[in-house]
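Below you'll find a set of structures to go through.
Note that chain A is present in both complexes that follow, paired respectively with chain B and with chain C.
Here is the complex of A and B:
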């Protein structure tokens, strides 16, 4: 029973930290109708700024909080001004992608400045504990609770009683009407980003102190947790975000108590999916939350695709096949092999996100399913890769579609969040289903690709094989895209309601898109597994999912040739210029930011 | 003979507001029926309920002897009910021709075999002759439908719909609905936002559709056009049916005049009696 109280206290404390994050996300969603993926980066920066202040300047705690809150707030306002304000009136996906690009840039900058290694963040607090009914509370717990309550109180007062607070609430209800009434909507946005980011930074500081541990990769998970809490509470609802955070903290804490720490995130994402499917407006959201979501058609920047002549494409493909004869450098071939595999992933994503309009932020989960399926078949079951790779593709198609199926009625941002969570869940299930997947140990000794006694181990053979798979898949996808199915997918992307009114069975066609896309991604993952010879639950992580989004965006959503070019540019080029390799994530982020600002339709245009 | 469409006691509430209140309506085969009434009377909601995009809280809708109020929009479309939308919902990034071909979705028979999505996918990739013929036939139909709008749409077959004028987008919607070869066509303010010339052109087209025997329900505010085209007219106000009958009857009904022009205009005699 003692431990029950301890876990409850822990859950509430962690929930309080999530609340500091989630409140900011909810505020931003309220006024800007945007999920800010850079929020976790600000939180990480808060933790590092605090760490620097404590370590180098030995600041006392109240001053540290101030030292963290002020620059983080300024950073938030800067993000709004520089990256997001110029995107007003663009397709709804633009600001979302911009925040993802920002998070890449900020995270990598933290890593470059502070080194990727974890650091300790000592909390200089007295060493006593208070016994409470069998459990105990330390000063850290009280500090977090105090900061949480104080910020909630201040925020309430601000929103309720100040003029700017009124303006924030008015903007959240109806941006255009607020502007008509003379509210300076830009100033409101700026203020909200500043407040949200200050709270986010302080949250990072407190987390660092609580666990006495900070590292640059904490950012992404933090964003995800904030998003989960916000969805539970009802997107855009500030008190809802606080309740959602506490609920999330408690669920995780009890989940950890019952099953162990590796289950912590699984509970969080399962909770998210549960809410998205059963209660997409959250605990406190009105009906408006979903209705305000635009039709998927406006989610993607409209444009006309550039068409390359067929002879040029054929010549490029031939040149790619002939390359190993002219330039047999194994390093180059290996790099391009990776680019072709990434191309399969980008093709798969561009079909569901571009053609069918179902933005997927969890596409790496499909690679993981395909990779593990083929790897386990080949190692534990002794199946030949000739069989295991296509079987893995088919399995990925079926499992992937089944996993996304409950999310088919979601749109716009919500499908993106749902797929992101599903991608995370795939990784976590792999981590925890030890009897099947070997858990954290991973799968090693995966045999090379082989057929009829011939092993594809040379760089050339592997290069040709992956290129052939890519070309075959691209041709099939082009064929699909030009068929009535392709037309139907584009129709439901543009307007689901109108499509239904003309007899289009929406779920069937979404399933077709995900099924086809799952096959390609599964093949890509399976081939990767045999090339790497080793896999674990982090081989295909969410970063790769977001990279896939960047590749598809770069090429032009729904554009088949564009997806391949995007993969070549983002995976091939940084690798080819070795010096750029360590700044790769930074480059991805900058590319994404520049794209949404200057060429939202991508290089070749949306198709 | 049973009517083609029969609606009985249809009701839809949004919170405290009753948008449609115990509405009854019949449309016979080949009949032209109009729904009129002030803004917010519940006309579009009625269309949403009949076409399956919204669920009624009470009441029934029967189409061709089959109860349809619990069916999905896509099933109802497959039965032969096509509709257009009040504010226009074309597929903005699709070409004019593709918009109309999506309207023909339920008629692509060879393309959508029994055997489920996997068979459909295989056929789309393989495209045997039956499928190619289906494609060609639907495309020909679509072009014929677009040709009914004179040279408004035909020269713009491969333009993305979002680049067309408002009036042309309304035309695309009607062409898309016709491509379903509907047995019942629901037109929601087809001439909204059109100038007098364009309105007259649209009226001619709708009149032709009527003469061809298509059963039509029209929502429209331009009453002259309604009176000229309709066999019967239903008048809604506050979700309730306040009058129904032949155009001439409805035109002189005091309840209708009151709904449109206010109580004073409706009852000069009552005023005189005071």
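Here is the complex of A and C:
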């Protein structure tokens, strides 16, 4: 019983910390209708600015908070002005991707300036502790709780009682109507980003002090937990974000108590899925929140696709097949092999996200299922890769569809968040299901691809094999897209209600899309497994899922050629910038930003 | 002013060079064709800090080797390719290295995920893949071109168990980093501790990006251990050390060698005091290899080296000796690694490979305890309980 109190206190302590970030995310989500992936980067920058102020200027805590809040607020306003405002009215995937690109750029800048080493961020606070249950809490815990509650209270008052707050709420409810009523929507947005980012920066400072630890990679996990908390609380609801954070902290703490530490994040993401399925508006979202999501397919930029003549495509494919005869370097062949494998992933994503309108931020999970299925079949059961690879594709198709099934009724951002969580869950299950997957040890000694006594180990053989798989899938998918199935999928992407009214079994068609897409991604994962000969739970991580989204968007959502082109570009770009070592992620982020800004419908346009 | 600007230009030029490849241009640089080592490691991404630590160790060793005229008049250089410790990139880098005849040996990558994905390519092409941080027990099983000087967990963890027993601990709670390295160490440690008559009362694995350990530590506390054993890196080890008292757990901490870093003390603050640990590398050790390395490292970087600096430094020293004795042919390097004996090493004292396992046995070990914010050799005093 004593320990139960401790777990509760611990849950609240951690929830407290999540709340600091969640409040800012909720505010931005409420007004700009956007998951701000760059919020975590502002939080990191806040921590580093605070660290610099304390180290070089020896500022006392209240002054440090001010020193952090002002530039972070300015940074937030700058982000809104430079990166997001030009994207107003564009498809909603555009600002989302812009924030992802921004987070790459900002995190990398921090790393370049401050070195990748973690740093200590000592807090100059009195050294007393308050005993609660079997443990104790310190002044930092109380300070964080105080700042969290105070900022939520102030924001609540600001939103409810001030004129600008009134304008913010009006903008959140209906941007166009607010504009017509004379609200300066841009100024409102700017103010919201500034407030949220100032708060984000301060939370980075406080959390860094709490753990006495800051590092340039702290942003992604922080954003992820913040997003979970926001969804639980009800998007755009500031007090809800706090309650959601506390609930998340408690769930994790009790999860650790019951099952052990490695299950912690599994509980966090399972809670998220539970909420999305049963209570997608969150605890405090009310009925309105979901209605605010557009009913038509404006999540993805509509445009006219560029059509390449058939002879050009055929010639390009032939040239690709003929390339190894020109004795290119194995490095080039390997890079292209990577691109073809990424191309299979992008094709899979562009089908569900582009053609069927079901955004997926957890597609790397499908690769992991396929990779593990084939690897385990080949090593632990001695199945020939000739059999294990297609079986892995089929298994991925079935398991992947079953996993996403509960999320079928979600739309827009919600399905993006749900799939992100599902991707994380797949990785965590792989880590924890030791008896099947070997847990953290991974699967080693996976045999190379072989058929009838011939082993595909040379760079050329693997190149041809992956290219053939890619071309086969591209042709199949082209056939699918031009059939009545493709037409139906596009119909439910563009207007699900209308499609249902016309008698389309929505869930069945979505399952069909995910089934086909899962097969392709599963094959890609399986081939990768045999290529690498070693897999573990980190081989297909969430960064890869984000990369897949970028590839599909870059090429043009739903565009088959575009997906392949996007994969080629995004595998090729970092390789091309290899000479720039530490700077290449920065360049990659900037290129992504420029693309979203100047060609949001992708290189070849959505199809 | 003129002198100043020409100096600036030279510095800038040197800096520019070092961005692309190895640091070059020192006064008595040997003039021959450079011997090129390929390095695959993280310079960006979540493990970037370790790649940065490697570079410091490499650069120091290169200065030393090249300052003495290189190997038979040829300077050593390395080509560092950033892999982000991502398997998709390490395979591409592997193809790049194996097809570049100038590369005579490959060093790295950092994690097993990344390194082992590329092993098959190195093995088939006959280029030595030398992983100096790869403790996965199956890493060197990739073939006869796959070698590792990473301290074997089979060596290190029984020693940690023995230290626990010498300190008089009977009921152990183990917290481990849930990666292949942590998992291997934990299994080996648990069995070694049991064979020494200790009870392992709790075992908890945690994720590398975990920051909050309070609830984990409550579980540990309720198991009623007399010591908490950490199988951690310095960053997460420091987080645990700081949080352990907040749940009312008063037991001492015994941590494995990889927390040994000046950063551990910095990040853990006062909570570091009283932590027992052991290390393969301790700057205070009087051995000449260690003192030479530490003095030069401090002079060049104005900070204390850690284990990652030391293993990178050792690797270059080892390679220069292999090149010197057996030449720079790729196959000759593999054969040389099997034959070379007693290479002076910071970590091992004298390093000799077992040609069967392609690993080095017998890393040095110093028992440590943190006192007044400093790692100091253990004086044999048992901890006063509570």
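Here, the second predicted complex is superposed on the first by the 580 of 607 C-alpha atoms of A that agree within 3 Å, B and C clash if a C-alpha of one lies under 4 Å from a C-alpha of the other, contacts with A are read in each partner's own complex, and residues count from 1 in each chain.
Simple rule for what comes next: a contact is a pair of C-beta atoms (placed from the backbone, for glycine too) under 8 Å apart; a residue touches a chain by one contact, two chains touch by 3 or more.
Computed from a predicted structure; not experimentally measured.
Asker: Putting chain B and chain C on the same copy of chain A, do they fit or clash?
Answerer: fit
Asker: Going by the contact rule set out at the top, does A:10 touch chain B (first), chain C (second), both, or neither?
Answerer: second
Asker: Touch check for A:362: first (chain B), second (chain C), both, or neither?
Answerer: Touch partners of A:362: none, neither chain B nor chain C.
Asker: Which holds for A:256: it touches chain B only (first), chain C only (second), both, or neither?
Answerer: In the superposed model, A:256 contacts chain C only, not chain B.
Asker: Output check: A:485 vs chain B and chain C. Expected answer is one of first, second, both, neither. What do you get?
Answerer: In the superposition, A:485 contacts chain B only.
Asker: Once chain A of both complexes is superposed, is A:50 in touch with chain B (first), chain C (second), both, or neither?
Answerer: Once the two structures are laid over each other on A, A:50 reaches no partner at all.
Asker: With both complexes superposed on chain A, which partner does A:600 reach: first (chain B), second (chain C), both or neither?
Answerer: neither
Asker: Please indicate which partner A:582 is in contact with in the superposed arrangement: first for chain B, second for chain C, both, or neither.
Answerer: Only chain C is touched by A:582; chain B is not.
Asker: Answer with first, second, both or neither: which of chain B and chain C does A:329 touch in the superposed model?
Answerer: A:329 sits against chain C, while chain B stays out of touch.
Asker: Of the two partners chain B and chain C, which one touches more residues belonging to chain A?
Answerer: C
Asker: Which of the two partners, first being chain B and second being chain C, lies in contact with A:116: first, second, both, or neither?
Answerer: Touch partner of A:116: chain C, not chain B.
Asker: Please give the nearest C-alpha separation between chain B and chain C in the three-chain superposition, to the whole Å.
Answerer: 32
Asker: Under the stated contact criterion, what part of chain A meets chain C in this complex?
Answerer: 3, 6-7, 10-11, 13-14, 17, 108, 111, 115-120, 122, 129, 131, 134-138, 211-213, 215-217, 221, 252-253, 256-257, 260-262, 264-265, 329-331, 333-335, 338, 341-342, 431, 439-442, 444-445, 448, 457, 459, 528, 531-534, 536, 538-539, 571, 574-575, 578-582, 584-585
Asker: Considering only the defined contacts, which chain A positions touch chain B in the complex?
Answerer: It comes out as residues 297, 302, 304, 476, 479-480, 483-488, 490-491, 493-495, 497-506, 508, 511-512, 515-516, 606.
Asker: Which of the residues in chain C come into contact with chain A in the complex?
Answerer: Touching chain A from chain C are residues 19-20, 43-46, 48-49, 51-53, 80-82, 84, 87-89, 91-92, 94-96, 98-99, 111-113, 116-121, 124, 136, 138, 141-142, 178-180, 182-184, 204-207, 209-216, 218-219, 221-222, 235, 238-239, 242, 245-248, 263, 266-269.
Asker: In the complex, go through chain B and note every residue touching chain A.
Answerer: 51-53, 72-74, 77-78, 82-83, 85, 89-94, 98-99, 101-103, 105-106, 108, 111, 117-118, 120-121, 124-125, 127, 135, 160, 162, 176-177, 180
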